[in-house]
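Here the chain labels run A, B, C and D in written order, and each chain numbers its own residues starting at 1.
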């Protein structure tokens, strides 16, 4: 079991979502924040860095929004549906945009892996929004 | 002139927004992130902390979203209107919710100041969204 | 293989550390940031919240430092040994302090899990510092 | 008066430092985090981006450490001298390194302004450490 799933189980609160879907989204947010931070760094090291400005920027933005979303979702004590929904919508959108950008150059392994992390995060956000 | 305004002027890029409105929103995001972090801490120190759980949580969430939004807005090189709009909508909403919460106990000076910072951030987000 | 390990392998740069030790520390930083965020939230929900002020504060501080450290370590393109060492020393110290705090009340499962995440992060930081 | 100074005055806690020095350091941390985020973005837009990899990386690292430090300093309820000292030492060091990097190309106004923000943050951290 991951740390996020263990922490949800250990908390004295009930959650606004199914615990498995919620844990999956928290993990996807943290993974995506890491992948995007590392992808921006890897893009910066490429010879063609001047052609990767948009990718680096969307990576950095996606890292920040996923990190914030992962934290918001980790707080279930005073869960607010309106707030969480607004954050999930933004995160789903930012992940979709970053995934599309990275999917444009999957010949670089770091963009391939990052795109997959973004799609996973987009999908887990969509799942919580649909619940 | 604030650091954010100076940095916008110094950047070799044009921005997706009017530079004054953009600088005002960036500053409001960073100020609100600080105020919310400090308000959560001050609430934690109050005798009635058990009654302030919702306020602490909305402070922490608002701090994270404002910090992420302030960073996204500070990146104008590869400006993406869809991404920025999604983030601004979430930030405006989270600030409104946190302001309403803090306005419920303005007898505590930290909640009064924090509510004002949240309202300022909400308004500057709304201004960029309306532009 | 974790996302962090995959990203390290995919990057066009060599790293300042052994890739396995580095991946382990990055993962421990992100896990600890999540656990500490969730532990602060769980402590806030406890009946005895007034006795958990120090734990909540050290959780929030540890989450912020671990998140920043995990990001710094994810950037290997222009690795700077002095900078990275300074950050790792702070992270190791903050994790030790938060672990000690949480170990004081392991009857609460969230503090037990969080303490373990902090100790893992402390140890992986120490490993990189010793390398 | 700045938001950080107002919040310190409004909090029901005494602080581990003189309130003026503390407010100055919190503000310098948040300003530096903004300046470094914007400087990384401005460097990315420069024609000579391939020569600015080290500057972009130190900007991103400095932004993360300053943001975390500004948050830690904003929490005075359960002030821990050892933890705060460790964080301030790292922040002072990271700001010094980023300032030196940016001072190497002050013909770009964004690096000039960013270097000044880093030096101000380095100095306010040193002041708290010396207190």
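Here is the rule we use: contacts are C-beta pairs under 8 Å (C-beta built on N, C-alpha and C of every residue); 3 or more make two chains touch, one makes a residue touch a chain.
Note that the structure is predicted; figures quoted are calculated from it, not measured.
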Where subunit C and subunit D overlap in contact partners, by chain label: A, B
Third chains touching both subunit B and subunit A: C, D
Relative to subunit B, chain with the most remote C-alpha centre: C
Comparison of B-C and A-C (more C-beta pairs in contact): A-C
Averaged-CA centre spacing for the pair subunit C and subunit B, given as whole angstrom: 26
Distance between the centres, which are taken as Cα means, of subunit C and subunit A, whole angstrom: 19
Residues of subunit C touching at least two other chains: 41, 44-45, 53, 56-57, 60, 67, 71, 75, 77-78
Subunit A partner contacts - residues on subunit D that touch it in the complex: 40-41, 44-45, 47, 49-50, 53, 56-57, 60
For the subunit A and subunit C complex, residues of the former touching the latter: 3-4, 6-13, 26, 30-31, 33-35, 37-39, 41-42, 44-46, 63, 67, 70-71, 74-78, 108-110, 112-114, 117
Residue ranges of subunit A touching subunit B (in the complex, touch as defined): 53-54, 56-58, 60-61, 64-65, 67-68, 71-72, 75, 77-78, 80, 82-83, 86-87, 89-90, 93-94, 97
